[in-house]
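Consider the two complexes below, in which chain A is the common component and chain B and chain C are the respective partners.
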Partner chain A sequence: MALPPNISETEFASALNEFVGAVGPDWVFSSDADVALYRDSYSPLWGEEEERIASAAVAPANVEEVQQIVRIANRYRIPLYPISTGRNLTYGGAAPNLSGSVVLDLKRMNRIIEVNDKRNYALVEPGVSYFDLYNYITERGLKVMLDIPDPGWGSPIGNSLDHGVGYTVGPYRDHFGSHIGLEIVSAEGELIRTGAGAVPGSDAWQDFHYGVGPSIDGLFAQSNFGIVTKMGVKLMPMPETFMTGTVTVPRYQDLQAMIEEVNYLEDSLLVGMPWYGSPAGRGLFDPATNADLMQNGWPSVEQLEEFVSAQNKPAWSVTFQFYGPEEVVRATWTAVQRRFRDKFSGAAFEEEDFYNLPIPDEDIPALPDKVRLGIPSLEIFHIVNRNPMNDNDPPDGHADMFAMAPRTAEGVHTAARVIAEAFQELDFPAATHPFSTPVTYYSRAFIVGVVVPTWRDPAKNAAMRALYERCLDKIAEQGMGTYRTNLAFQDHAVSKYSFNDNALLKFQEKLKDGIDPNGIISPGRYGIWPANMRNNRG
Partner chain B sequence: MALPPNISETEFASALNEFVGAVGPDWVFSSDADVALYRDSYSPLWGEEEERIASAAVAPANVEEVQQIVRIANRYRIPLYPISTGRNLTYGGAAPNLSGSVVLDLKRMNRIIEVNDKRNYALVEPGVSYFDLYNYITERGLKVMLDIPDPGWGSPIGNSLDHGVGYTVGPYRDHFGSHIGLEIVSAEGELIRTGAGAVPGSDAWQDFHYGVGPSIDGLFAQSNFGIVTKMGVKLMPMPETFMTGTVTVPRYQDLQAMIEEVNYLEDSLLVGMPWYGSPAGRGLFDPATNADLMQNGWPSVEQLEEFVSAQNKPAWSVTFQFYGPEEVVRATWTAVQRRFRDKFSGAAFEEEDFYNLPIPDEDIPALPDKVRLGIPSLEIFHIVNRNPMNDNDPPDGHADMFAMAPRTAEGVHTAARVIAEAFQELDFPAATHPFSTPVTYYSRAFIVGVVVPTWRDPAKNAAMRALYERCLDKIAEQGMGTYRTNLAFQDHAVSKYSFNDNALLKFQEKLKDGIDPNGIISPGRYGIWPANMRNNRG
Partner chain C sequence: MRKLTILCFLLVSLLGTAQAQELSPTEASGKVVFDKWCEPCHGRIAGGVFGGFGAHALPGTSALGVKYKGDLPAVLEDRVDLQPIYIRTIVRNGLYGMPITRKTEVSDADLDNIIAYLTRNQ
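Let's look at the complex of A and B:
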């Protein structure tokens, strides 16, 4: 049995006993078999000494039990690692940053307290999943649409607190950005409500996010400043229709002008999530073709224009999603085409899907892409498994690496180039190339991402970790960081946000010391170590 | 000469000397005449012992000088009160919460570092005003529109950090909500950058707001956690056109259904700021008419429907602002009319303004309402002076009182009713009534506001303060708080956000103690007092 750091077996047994007193014997888990369920099944440290393993888990039924657990943990100095439902694959799953932590599993707190389709919000507890919330809404015929991640088994609270993202309209895609109001149990066991919810008897908790004075909400995402026990979620009203249309531009050098136009449309809130693609570059998913193109290093623009011509396909595409009344989505598509025609010779257009919403139940199973319509599923796992790169040697998991690039062609190409270099330097086939395109989960930043496989094989994982860290190093040399990462890489990822000798992290750690003097909440999460464990930094 | 608390004249003279060493003799102000310029000219405490008066002011030219001043202040334990340009009328102007504080006047730091109309942002220093930024943009023909407050002389940083608001499209109206990236000098003199800006050499500081790990940004608004020296501002791309259209609904009881429809449109991001009005209730701006309607207390719904019939006007109106391509704004207006027709018998529609944007320079002076087009002016002062309630006895200033109400008819009516009761209980003519309408600066919350006059007359002000505080008490009994207030009322306003024995404020003060051990930044701002001054709470 693992133990929390600096805690004797006797002390730990006594603490577990107190946890049993708080939540009952059925909800304290300390057998090896039970604790194993909290391992990160995608861990890049799987089976190694450094793998992050919990010592036990406790599952409270309500806020009062959370408060009791926190008070016990403070008395014993036992680190707690709160999780919502424990998914979060590729980012650490249910495993704690610090081995020996007790997982505080909030899955039993799964009440949907309210879904309001007059003011367009939900108020949920951590154990509520996207499936739960979707079912609640559809069973009652409520006129709201969810913005959801892949896959649907995660929880709105867990996903938002991990800075998770979705697929519909700009402001809703940023899940933490579209939270409204938090309830928190502090590291000292106090119950706090933020925003208008701090006024006793408030009916505006999910209407007004600021309240008066500073907003503390941002502290609770990707961090360890408290335990979120309720969260408001801004919901998009159910649009009348959904439509997609694709624009292509012919030349390699058209990307910057295309990006500027997409930025215009996105920042004007005229379109939902835009999907960039490269018809000419599609063959480069094949590593051999990519290696061939990059055999003499990154090709010149002239070579790339030649490559485009040889493919006889447009260099770039962008698929727009439109949500709204039919009059409006059609008029927006018309305006989009007019604006692209004015700007590009050779732009081409194709109208694609059109649906009236909500989609009738009987039509949902056959829908090709449910997530953009806020319909949760687990289909992403089929898609990942269909990835041809995985066919011969499917990995056990993956650790996704994201470069947060400026919204420019240069930003995209630079990120793709240095990630390709990282792969090549470590003798892996490049996973990015001159036709790599950005993903726009965050409406104002570009993500250039690569999937780094993980295994149940320490030797393979060592190489993967070196690759992952090399990618982080190379993008940081270009002024880029990442937005989210597995436990194994959090200290490394945070270390790249080092302006003025890591002034931001030092400030965060001072805040942490002010509100969690015993350092009991998630030590090490996203690089923040409490004063008494600061030498644990990786 | 005023002195900082617990500082002798000799010590203060020595500290001022050191400030002179940091910024030069021209930029330390300590004469009575100079310091008087930092008084709050709208102060509800004007001329009284409790009026908040600075001891001196220091105006640094750059970040390094700010850091030097902070280090000196820490050595002497002198409270600093940072201001951007020092406007902020009705909310305290340039005056500090704690008398004797030294105003840190950042007006000389007035560089516009970048305006980018490809990625739609600006990066500015605190001394930059909305006029400055507007002129910079128009002189260069940049294709972005500002979202601005009244009046235009304020600064984007100062306004955002005070949770200021504007008039265009939802996400942009929330000025702090649309900041992107901060640079901060901490209370200990360290320079911090947030978001992607923490990666050295970043070109994505104004593209990606989170970086990795928790976001500290929210701590710096309406507070005292540090000194913001640079801020990114998300800008709206210049829309092709602007249009307005007004919908009216006939009956008093139509308000809830109208609100639901407006919430739908607003949360779908289909419309800019909606303006609620009451054609039938317009006569109630006259206090005598209002007193007549409310002579037997709040009228019944039947009486109110009769009142509406007697006016022969629709009960409610909403004016929509549309920003976008002409195809889209016209289609949206069509969809709006269709949706209202489906829902209300007796809805009526009137199309109003239509402009191609940007407005040609020569047409701007005659524009009736510049602020909704992002064109800064000082015209709000003419509008305030035209208010008929002020004709006979114009006040010297005002302290605006805002109830943050849920987005329901009941929320609006309840706020208006209890504010009217507060006025009547203290023998003032009611300034709200059954036809009071909400303001939608914040796209998901309603503001029901009243203007409480202030004077250069202590006796009159005592009555005004009692009235203001009674309003705060009465709305809090209904679960409502305010979002912003004058220095004189900040402790009182914060005390209403008291859930669980003021747990939120206690948490904020622990954070404060962690990062400002000497309590030198803006003690008392929005109720947050450092450990060594906690007994100053009002």
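Let's look at the complex of A and C:
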């Protein structure tokens, strides 16, 4: 049985007893088998000494129980690791940063307090999943659309607090950015509400996020300053229709001008999530074709233009998603085509899907790409599970490596090039190439990423971790960080945000020492270690 | 426990026959939990098991279709060979991309009911 650091077995037994007093015997999990359920299924450290293993888990039913648990943890100096739905797969699952922490499993706190389709928000507890919220909305015929991550079993709170992302219109895709009002149990057990929620009797908690004075909301995401027990979510009114249209441009060197045009459209809030692609580069997902293209290093622009001509396909595409009344989406699409036609010779256009919303229930199961319409599912897992390509040896999980690149062609190509170099330097076939395209989860940044498989096999994972860390090093040499990473890489990822001798992290640690003097909330989360544990930094 | 509307429709439209089958109360409770926690990956899917990347596909059904290549049904609910201990072990340990399920999600009692449901035809 794992123990919290510096706690004797007797002290721990007595703390567990007190937890039982707070939540009842059914909701304290301390047998080895039960605690193992809090392992990170996709851990890149699976089965190694470094794997992050909890000592126990406690599952409160309400805010008062959370407060009691926090007070007990402070008395014993036992680290707690709060999770909402605990489905943070690829980034740590339900496992804590620090082995020996007690996982505070908030899954049972699953009340949907309100969904308002006049002022367009929801107010939820941590255990509410996207599936739950979607069902609540559809069962009541409420006229709002969710913006969701791919897996529907995560939660607005857990996903937002890890800076999670979705697929509809710019402001909604950034889930923490579109929260509105938090309720927090502080590290000392105090109940706090932010924004207008701090005014007793306020009915504007989910309307006005600032209140007066400094906003502290940002402190509770990717961090360890408190336990969020309620959160408001800004919702988009259900659009009347959804449409997609794809624009292609012919030449390799058209990318920069295309990006500038897409930036114009996104930043003017005229379009939903734009999807970049490369028709000419499509065959390069096959490692052999990619190796062939890059056999003499990164090809010159002339060689790439030749490659494009040889494929007889346009170099780049972007698919726009439009949400709104039919007159508006059609007019916007017309304007988009005019702007591209004016700018590019050889631009081509294709209108694709058009749906009236909401989609009738009977049409939903067969609908591809449900996520862009805010319809939760778990279908995304099929791209990483056993499939005809990996039949003999499917991975056990994956750890996504994301470079945050500036919104330029240069930014995309640089990230793709150095990630390819990292793969080649460590004898892996390159997974990026000159036609790699960015993902626009965040409307103001590009993500250039690769999916790195993980295994329940330490030898294979060691190679994967080396690869992952090499990628982080190589992108940082180009001035790029990442947005989110598995527990195993958080110290490494944070170390790249080192401007002025790590001034940012030092400031965060000063806050940590003041806000959580006993260091009991999620020690080590995103590199923030309490004073007495700073030597734990990896 | 709230059922997923989308899944109900999937079942109604594609599984008309199984709906008609008589389930014991335990099996019926098992089916409710199965529909919420397993069906989004192990559901029945029209038109083949692996439609290709980006297509509408259910991960568990696709993976088992690829794994058994028709020797065993790809749809878990059609299997008649699953042993209780095997189901329990996989739900609590995960298997390849299928992650661990915690007791705050599917309790031991719920899991017993799922097992009763999945072994109902044996």
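Couple of notes before you dig in:
The rule is simple: the second predicted complex is superposed on the first by the 530 of 538 C-alpha atoms of A that agree within 3 Å, B and C clash if a C-alpha of one lies under 4 Å from a C-alpha of the other, contacts with A are read in each partner's own complex, and residues count from 1 in each chain.
Simple rule for what comes next: contacts are C-beta pairs under 8 Å (C-beta built on N, C-alpha and C of every residue); 3 or more make two chains touch, one makes a residue touch a chain.
If you're wondering where the values come from, they're calculated on a predicted model, not measured in any experiment.
In the superposition on chain A, contact is made by A:Asp267 with chain B only, not with chain C. Using the contact criterion defined above for the overlaid structures, shared-chain residue A:Gly93 touches chain C, although it does not reach chain B. By the touch criterion defined above, A:Phe307 reaches neither chain B nor chain C. When the two complexes are overlaid on their common chain A, residue A:Phe320 makes contact with neither chain B nor chain C. Contact with chain B, but none with chain C, is seen for A:Val212 once the two complexes are overlaid on the shared chain.
When both complexes are overlaid on chain A, the residue A:Tyr441 reaches neither chain B nor chain C.
By the touch criterion defined above, A:Asp105 lies against chain C but remains apart from chain B after alignment on the C-alpha atoms of chain A.
In the superposition on chain A, A:Arg193 makes contact with chain B only, while chain C stays out of contact range.
More residues of chain A lie in touch with B than with the remaining chain of the pair chain B and chain C.
Counting contacts as defined above, no chain A residue meets chain B in one complex and chain C in the other.
Those residues of chain C lying in contact with chain A across their complex are 2-6, 9-10, 13-14, 36, 40-41, 46, 50, 53-60, 62-63, 66-67, 92, 94, 96-105. Looking at the complex, you find that chain A touches chain C at residues 27, 29, 33-34, 36-39, 41-42, 59, 86-87, 89, 93-94, 105, 107-108, 131-132, 135, 138-139, 152-153, 361-362, 364-369, 375, 377-388, 391, 394-397.
For chain B in complex with chain A, the touching residues are 118-121, 163, 169-171, 176, 180, 186, 190-194, 196-204, 207-223, 225, 234-237, 239-240, 259-260, 263-264, 267-270, 323-325, 327-328, 330-332, 334-335, 338-339, 404-408, 411, 442, 444-446, 476, 478-485, 490, 493-494, 496-500, 503-508, 510-515, 526-528.
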